[in-house]
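Below you will find the structure I want to go over with you.
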Amino acid sequence: MDLNLTTEELTFRDELRAWLVFNVPKDWNEWREKPIEESFPYLRAWQQKLHDGRWAAVSWPKQYGGRSATLMQQALFWEEMARADAPPMANSLGLGLIGPTIIACGTEAQKKRYIPKILSAEEIWCQGFSEPNAGSDLAGLQMEARLDGDLYVVNGQKVWTSYGWVGDWCELVVRTDASAAKHKGLTVLLVDMKSAGVEVRPLRQMTGESEFNELFFRDVRVPVENILGKVNDGWNVAMSTLMYERGSYGARLHLIFKRYITRLIELSRTIQRNGRPAAEDPLIRQKLAQCSAEIEIMRFNQMRAFSRITATGVPGPEGSIQKIFWSELNQRLQQIAQELLGSYGQLLSGDTHAIDKGIWSYAYLRTRGNTIEAGTSEVQRNIIGHFVLGLPRSY
Amino acid sequence: MQFGLSESQEFLKDSARKFFAGECPSAEMRRLMDTDSAYDAALWSKLTDQGYTGIIFPEEYGGVGLGKVELMLLMEETGRALLPGPLFSTVVLAGSVLEAVSTPANKKKYLAPICRGEARATVAILEASASWNPRDVHMNATNGKLSGEKLFVSDAAIADFIIVVARNGVFVVDSKARGLKISPMSAMDLTRKLYVVEFSNTPAEEIGAATDLPRAFDIATAALAAELVGGMQRTLDITVEYAKTRKQFGKPIGMFQAVQHQCADMYLETESSRSAVYYAGWALGENSPDAATSVSIAKMYASDAGRAVGNRGIQIHGGMGFTWENDLHLFYRRAKASETAFGDATFHRERIASMVIDSGSASAKSA
Amino acid sequence: MDLNLTTEELTFRDELRAWLVFNVPKDWNEWREKPIEESFPYLRAWQQKLHDGRWAAVSWPKQYGGRSATLMQQALFWEEMARADAPPMANSLGLGLIGPTIIACGTEAQKKRYIPKILSAEEIWCQGFSEPNAGSDLAGLQMEARLDGDLYVVNGQKVWTSYGWVGDWCELVVRTDASAAKHKGLTVLLVDMKSAGVEVRPLRQMTGESEFNELFFRDVRVPVENILGKVNDGWNVAMSTLMYERGSYGARLHLIFKRYITRLIELSRTIQRNGRPAAEDPLIRQKLAQCSAEIEIMRFNQMRAFSRITATGVPGPEGSIQKIFWSELNQRLQQIAQELLGSYGQLLSGDTHAIDKGIWSYAYLRTRGNTIEAGTSEVQRNIIGHFVLGLPRSY
Amino acid sequence: MQFGLSESQEFLKDSARKFFAGECPSAEMRRLMDTDSAYDAALWSKLTDQGYTGIIFPEEYGGVGLGKVELMLLMEETGRALLPGPLFSTVVLAGSVLEAVSTPANKKKYLAPICRGEARATVAILEASASWNPRDVHMNATNGKLSGEKLFVSDAAIADFIIVVARNGVFVVDSKARGLKISPMSAMDLTRKLYVVEFSNTPAEEIGAATDLPRAFDIATAALAAELVGGMQRTLDITVEYAKTRKQFGKPIGMFQAVQHQCADMYLETESSRSAVYYAGWALGENSPDAATSVSIAKMYASDAGRAVGNRGIQIHGGMGFTWENDLHLFYRRAKASETAFGDATFHRERIASMVIDSGSASAKSA
């Protein structure tokens, strides 16, 4: 056990840190609050810049434009990005999930066709996994793909698609064999979102935003060469995509949460409680301390997990505790924020009296989704129970 | 001793439920929440016809003269319907303040129009500190004029008059008074709009002393808790229905204990909040020595339970619970606002502590 | 809704209160701490005295020696007993659970034979329900009863039997039809504990006490006239016994818990925390207040339930929330006690430095059983989910 | 950066686990807990042979010179085995105090016999206030003599010498000194016995200043948290095994989500405690600026998690978990004692608050 960075890690971090100092756009604060539709070209340009510095996909093999970074280096990447307050990248699903899946499962022709434009943000990718009747039960997907010569004809609906509104391509899971057992008849298709019959609708969330989309497919024709992996092997291809979801990206959560708690501590010095600053109120102190501590423990858990994955080679089901931990911690954190802010906590972005431009009310509502998205807490506990502890399947 | 509702109480509750279901179903509630004030004159006139605007006030002022338990039942049903508009601000809050602090003449002048459905009103309490502790009210009237700012004032834009809590008294300000400026605040609960009310040398009529406010605020606090109970019940009903019909892994999700036991907890939290609210209503009506404690018990428990029930309901719904089209979040937003209004759970726990620890004991009456 | 006592209730209460003033033994404090084996004759005598005043079984019909008390009067009975700090009755299971079951399901001959001696504490009763392999799953009981002429021959084991060591008779659930579906082959027998082949062993709990026993039956012969109810209808008979368990007895919990919290508040005035009395420490204040409030809510819930049962005639599955509420509240209460007492909380009865003779460490450990005994919290949540909310059975 | 154990650390942990499983299985642990002192000379001698009595101390005093992470690993395994006797009191507590406060000469005199397994020792800290705040120590030495009472002193009856924390210094008292009276306390944890130690004009040798104690206490605190981790792991293992084999309603109870998800929570709580403890061990070893904070984080989290894991384990076992014959309650009793010792979660939260709120920030080192 040695928590000091190795020479390689230090070199990687310092090179990145120096690059970011010179390259992170100075005007990000002016764009941050704008609607994503407006800022999207800005984010594309930023990704292009990162790609120019070979920083867009550090985890990818060098031959595909990455740096073959170790997991710890990837974690450092996200930490440094957060520390530098760098904008997000436009094609985050393409870079984080779909590109790696294409590299792992795709043909040479597919890699050549798709990979460069993922890196350059020329083609934005989205993911068509969840359906209205298949949320936790992904094996129950029903979107139909009928083979018609050298084409699949796709019909059905997807929900909870991020970047659907701007997506050029979609990693789509479809059912190609209705007679096979649930997860055995699925196939992954790479679908051009400009195909006839694709309709994208905004899906409004309880926060009021439309971060996600619904996708409707009516007789959409997809050539068979767009199959990713093998026919009827879509379950494994999709699972390998989901595995990347539990990767190093979580490392930046530590800095995001730390920024939250630091700001709350700052606010507690000015907000009055019982005739003195809230920072001196024993109840608030206990809550801020508990939360600060849990944020550190989240990081310790992550670092241990990265070390274990580095040693064993693959992310295991233990990753489920990271998901449970950060999502529930974020909910507790926002609850503490609300207790501290009192009546001000309910004010929305745009209200002149809102503290920090209303981020706290937004975050409070948004965190309710944290224990639902990317595998509900219930599903994560099933995974721990069954795959980690060896208890019989409960569902 | 009989802790069930009487026949007439059951009747009131049932008819209120049917009335709101008919007059303010989800679609109408959503239409109103998208308006500036969430107020609808036609609906208000129907509420008046039901007697709701005068429910707890003496008949001599045009009220119906029912008790505090009946008020809790009505508010439970407004909570279940997520009724938009100023019924709470006007009747429960402004009405109770007028009844508690003002002279018969002023009751005729201000309370009677409320009972008759002719006036809307609200009470301005919080200042920049947003503290519910009366000590933190700093606004002072000088020569019958008010200056300064009140925040988080519910339904102020459609009030015919605003009751202002100042350090040196309780005042009425006419909505057309000079030097009065009302600007909307943008907040989570879309069905009960909040406002900033600014006064600059605004003429104000003194109607009573701030020392008479606690009882009125206790009524308002208990009523908010009752509303929370209605919201919890509706959240529970919607959730249980969903858990019975939504299938994953080939089974209704309510068959999985992770879901079912959360539903059981929602039931426990809802029923326990209801017991506490009914008791508080009874204690207020009887002027029982434990009335204030029981109000704090109800508000404390319901504030936390309302949030917990909402959290569970959304979680059980999965992605569907996170959508705008599902009503759950609208109840959740109201619960959030009500959790804080008139003191959150921490505030009321401290108030309970001051009653049960510092002054010996003032617990619920036991036979 | 009217929470004032009716004239009948006031009369009942005042008569009882007056009786208790004159009759509660003055020397109970000298006996309270002694081992139950030693004090048992004392408790028998106390029950006999209550019976002389017709107070031993107020819920029973007048014709059987009770007062046909309403549920509210029964609640008042337990409150007054607690208020007067009266000793418990020796035959509490006989009076509370088994007597009422015999009255409801027994033959005239059985009532005549058993009821008077239950009232007088001449014959102590215990209950043989749980088995090592049937705790939550009562329908899975396996104790075998084979019919041999006009006798049943009983073999098997029971656990968690209160009063087993002193029991003269036992309400025993046995399997009389091994081929029937789980809960259809059960029968209830009234078994003389002095029969040959009955062995009673103490079952030591985590508290160190042996409040419960294990019962072993080896070829125990029970005459067929000792069947309670009908053959193979034991499930319904046993369920009616369990229903009484959720009765008015819970009313006394309010006063017991109130005594706990009152004592903790008292202690908080002398225990120092951060240089001042704990009673002035905001954290301790919040916890004591929360607990005080929940104790009241428990009572409100109970009173509402009693009123509902009085109106509808039968205790319903809603009783499960009482069980969950009091058991989990008692655990929270004892946790607060431990936080307040700090290192002193761990001291056992007999230690000279222990506060209140070590009741707090005992109570802390004992409450772990509260969410297990008389139907685990999990079983109670199943009951609410299925029987109250109408969700499909989860087990 | 490498947050996994090195090969030699894995080896130490595995061999400790095997050693305790072989030398102190459940039956032996139960035999010892029923003795007066829970101390066994033969077992102590085997611990010494393993080098455990000198694990973190310099070789010049006969120690093994391993690091603080290694100490955490050893203590995790003693926690898993619920090792009875004075290893914590003697080595972790008294040893660390001696190392922190005393001169080389006194280390030779007192620490070396501990390393060699020749002496048992303990530290007397708490007084009647039972406060872990150093300000609340009132005992004072006068002319090399101590008078007064220390409470909750672990393993005092078998200590060859007792280190006493006084207001004006740290003192050593020989177990045979005059005016020393040691009486057993009867407490929940049966494997680590507590005592009242009374001094009346008892001769005491000053060995250092109380100001040097915090680091020693931080080591002891982290080690207790490590022990809690071991207890949690064992509770989890026993419980998962039970949930796989115990059947109700025709299924293993672990198939019910009410049980399975509690097991998942136990896993999360155990692993998170472990991460925090390992980090604290590393930070102590590196003398990192966040060492004190990280110790409080570990103790705070493990104190609460230890109780939660115990509660869940007992609950999942049902009636079986409530019996004396099941080992769970023995771990639960130890966890209860360790939860309070060296400050409970509330105490450490306040300590964290003083570090992260009052003095800006002293959070974990991040790269």
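In this document, chain identifiers A, B, C and D correspond to the written order of the chains, with residue numbering beginning at 1 in each.
By definition in this document, contacts are C-beta pairs under 8 Å (C-beta built on N, C-alpha and C of every residue); 3 or more make two chains touch, one makes a residue touch a chain.
The structure displayed is predicted, hence computed values, not measured ones.
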Most distant chain from chain D by Cα centroid: B
Interface with more contacting C-beta pairs, comparing C-D to A-D: A-D
Between chain C and chain B, distance of the C-alpha-averaged centres to the nearest whole Å: 41
Centre distance in Å when chain B and chain D are each reduced to the mean of their C-alpha atoms: 52
Sites on chain B at which at least two other chains make contact: 251, 256-258, 261, 346
Multi-partner residues of chain A (at least 2 other chains): 282-283, 286, 378, 381, 394-395
Of all residues in chain A, those that touch chain C in their complex: 281-283, 286
List of chain B residues in touch with chain A within their complex: 126, 129-131, 133, 151-152, 185-189, 196, 247-251, 256-259, 307, 311, 314-315, 318-319, 321-326, 328-329, 332-333, 336-337, 340-341, 344, 346
Chain D residues within the chain A interface of the complex: 1-6, 9, 69, 240, 243-244, 251-252, 254-257, 260-261, 263-265, 267-268, 271-272, 275-276, 278-279, 282, 286, 294, 296-297, 300-301, 346, 349-350, 352-353, 356-358, 361, 363-367
Of chain B, residues touching chain D in the complex: 256-258, 261
Chain D-facing residues of chain C, complex: 130, 133-137, 140, 159-160, 203-206, 208, 272, 274, 283, 331, 338-339, 342-351, 353-354, 358, 361, 364-365, 368-369, 371-373, 376-378, 381, 394-395
